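Two complexes, one shared chain (chain A), two partners (chain B, chain C).
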Partner chain A sequence: MKYFGLELLKLRKKTRSWLGPILVFWLIMIAYPLTIEFSPENLEIGFFSVLWIAILLSMMFATEDIFTEDYNDGSLEQTLINDIPFVYQVVLKVMIHWLLIGIPISLLSFIFSLGTNGNLSLSLLILPFAMMSSYIFLNLFVLGNALSLNKGSVLGAIITLPMALPVLIVLGKSITAIQLEINYSGFIFLLLGSLSIIIVTVPIVVSYIIKAHLE
Partner chain B sequence: MIKKFIHQFASPKTYLFQVERVYKFILYFSLVVYFVSLIWGLLFTQEDFVQGNSFRIIYLHVPASFLSQSLYVSMAVASFVYIVWRVKLAAYLVISIAPIGALTTFIALTSGSIWGIPTWGTWWQWDARITSTLILFIMYLGLISLHSSFANYEKADKLLSWLAIVGAINVPIIKKSVDWWSTLHQSASITLTDKPSIDPSMLYPLIGSMIGFFGITICLVIISSKYQIFIREKNKSWIKEYV
Partner chain C sequence: MKNIIISVDNLSYKINENRLFSNVSFSLCKGECIHIKGSNGSGKSTLLRIILGITSPKKGKINYNIERNISYLGHKNALKSYLSVEDNIKLMGLLNHHELKGHLETLSLKKMLDIKVANLSYGQQKKLALLRVFMNNSNLIILDEPFVGLDKENQNILSSFLNNELQNEKGIIFTSHINCEIISKTLKID
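Let's look at the complex of A and B:
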């Protein structure tokens, strides 16, 4: 709990790190209507595609320097010899990023969805999809950034984005299912299944990768 | 006995001397098998009832697609061996397979696009199988970029191995994409469990081309791994003896 509070304070103090991705998400969603002929029908056509891509990009920016600063100032080495296993520390780091960045972005997704199509039930369904996808993307980009530690976030994005694309496909398919009023629960379970695998495996893999960097 | 053989073969030195003896034979044999199958398939097989002559591209497309996925699996297995048992040779093989895998995936994508024009009326479609194969191609490029980003080979090997293991999740998605999603791409005609749905006159040259292509790819991996061994072990005395 003490470590949780410490990590939360660390991220909260770095306003750019948590506010930046939220603003990026906001700006993408604002930029979208400006690029098309303004009419409700036109807006609805590509709205959800832009939404998922905006979430993806925001999560990419959110994890940009998740380990870099600690690696450069040497505190990452100290955390490895901490009482708390490093795997738990990674889980907490991701969770804090999700609480401060993922949750607000999911709420904004709901608001933007409601503002665009005026459909409350559809927009309420967007919320769990946005929450799950943001957590999955966060984990994937944490993995990418751990692999490309100190080599720039572009490399991390290149190696992680291909793994995020199947999630985007599932998100796209689920929206189609919801809009066509066919059974979409399978997609929720698919995302939940992926999420549960990722929650367990990614922190373990990331801890080994970080150790490899520090050896 | 087996353990002793594995331990001996896991040494880059033994590997280099052993493959040197056999790889040229595999290469010539595979080239002959591939070109005989290709000629058989292109000139002596009847036209397809629906697709006409355009189906003959399977003698390149199918082996390349099969190997693009198989190479990734073998890379993931080699990565696992390196991570668990710290076998140096496995790390050399991982980075040796990556460019060959990228090449076979590129061939699969290009030949598929060429085949798509007469059969689907388009060279590209954003459907599950094609998109997931494109993702595999990008993953190969990502693996190569990651490895080349680190000057420390040992660190690069470890990170590459982890990424290869995690990325292996994409392989079953590609494999099953034609069953899980509605797609333009046909389901597999040859499976391990069912009788092939392809006519024997087309099947035999296809099997031949797959064996030939497999052998050629193995030889390319061997050549690539020899290059890796030369770079990594350049300061060892036995390399001078070998050269």
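Let's look at the complex of A and C:
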């Protein structure tokens, strides 16, 4: 818990790292209605596509320097030699980013959804989808960031972006299922399944990649 | 033999085909200090990183005879420039340490707690980073060029601290090209 608190302090004090992605999300969602003819029908057509892509982009920005800063200032070396397993530290780092960025974005998703379609039950369903997808995207981009640790975050994002496409497809299909009032629970389980695999595997892979970089 | 903290046997390292060092062997006992010397690019820092377990050796092995508990300060200070001195101390997990006040006074950092690290000079940042070493509870201290950036007065503070730690049965391995008054064995790699 001590390490959790310290990591939280680091992110909390670096305002641009957590507020930046939230603002990017907010700006995209604000900008969306301005680009189309302002009627409820038109707004609803592309709203969810824009929402998922906004979450994806925000998570990409959220992980921009998740390890780069620690790598450059030598903190990663200190982290590696202390007695807490490195995998555990990666998990905590991702979780803290999700708590400070993923959760607020998920809540904003609910608000924007409610504001756009006025459907409370649909908007409430968006919340778990946004929470799960933000955590999945975060993990994927963390993997990318680790891969391109000393080569810039853009390269990492490009590498991992294709891995996010299946998640976007599932998100799109689940919204269609919800709107058509057919069984959508399968999509939730699919996302939960992906999430449970990613939660376990990504930190292990990332810790190996970072150790390899530090060598 | 039970006093041995760490023993290094036939350690070799090369980058591609460039051999940095080969067959380096030594052992470090409690209360002993090893000063690693060598020219630029001879692999001093790499040797330290191998001992720390960050880098894998190409050949040879390292045996820790005690619980692995290392205090390390490398070329990079591991400080967060956007945080204040106090927050950095908090990050090091030392804010409630009973020796903090004394060390802050010794290193003239007491009045700088609210200042952002980015606004400190390199020497002041180095002193702040040294707190990690000064308040360690480890049995092995590894330092990579610890005197760089420090003025004579602070170099003496560091030297006397390290000499004290030797009396407390700790082991020290360090690299330095600045002459220092630490009772140490010399290991030359070239």
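By our rule, the second predicted complex is superposed on the first by the 215 of 215 C-alpha atoms of A that agree within 3 Å, B and C clash if a C-alpha of one lies under 4 Å from a C-alpha of the other, contacts with A are read in each partner's own complex, and residues count from 1 in each chain.
Just so it is clear, a contact is a pair of C-beta atoms (placed from the backbone, for glycine too) under 8 Å apart; a residue touches a chain by one contact, two chains touch by 3 or more.
This structure is a prediction, so every number in the text was calculated from the model and none was measured.
**Student:** Should the pairing of chain B and chain C on chain A count as a clash or a fit in the superposition?
**Tutor:** fit
**Student:** Figure out whether A:74 sits in contact with chain B (first) or chain C (second), or with both, or with neither.
**Tutor:** second
**Student:** At the Cα centre of chain A, what angle separates the centres of chain B and chain C, to the nearest 10 degrees?
**Tutor:** Once the two structures are overlaid, it is 90 degrees.
**Student:** Examine A:213 and indicate which partner it touches, taking first as chain B and second as chain C; both and neither are also allowed.
**Tutor:** Touch partner of A:213: chain B, not chain C.
**Student:** What is the contact status of A:205 with respect to chain B (first) and chain C (second): first, second, both, or neither?
**Tutor:** First partner only.
**Student:** Tell me the contact category for A:84 with respect to chain B and chain C: first, second, both or neither.
**Tutor:** neither
**Student:** Could you tell me if A:143 is touching chain B, chain C, both of them or neither one (first, second, both, neither)?
**Tutor:** First partner only.
**Student:** In the superposed arrangement, does A:9 touch chain B (first), chain C (second), both or neither?
**Tutor:** A:9 contacts chain C only, not chain B.
**Student:** Identify the partner contact of A:165: answer first if only chain B is touched, second if only chain C is, both if each is, neither if none is.
**Tutor:** Only chain B; A:165 stays clear of chain C.
**Student:** Tell me, in angstrom, the smallest C-alpha to C-alpha distance between chain B and chain C in the overlaid model?
**Tutor:** 8
**Student:** Just to be sure I follow: which residues of chain A are touched by chain B in one complex and then by chain C in the other one?
**Tutor:** Common to the two interfaces on chain A: residues 215.
**Student:** Could you please specify the touching residues of chain C with respect to chain A in the complex?
**Tutor:** By the definition above, chain C touches chain A via 49, 52-56, 68-70, 72, 74-83, 87, 90-91, 93, 132.
**Student:** Which residues, counting only chain B, touch chain A once they are in their complex?
**Tutor:** Interface residues on the chain B side: 83, 128, 131-132, 135-136, 138-139, 141-143, 145-146, 149-150, 155, 158-159, 162-163, 165-167, 169-170, 173, 181.
**Student:** Given the complex with chain C, which residues does chain A contribute to the contact?
**Tutor:** Chain A reaches chain C through residues 2, 6, 9-10, 13-14, 69, 72-75, 77-78, 80-81, 83, 211, 214-215.
**Student:** Chain B touches which residues of chain A in the complex?
**Tutor:** Within the complex, chain A contacts chain B at residues 143, 147-148, 151, 155, 158-159, 161-163, 165-166, 169, 173, 201, 205, 208-209, 212-213, 215.
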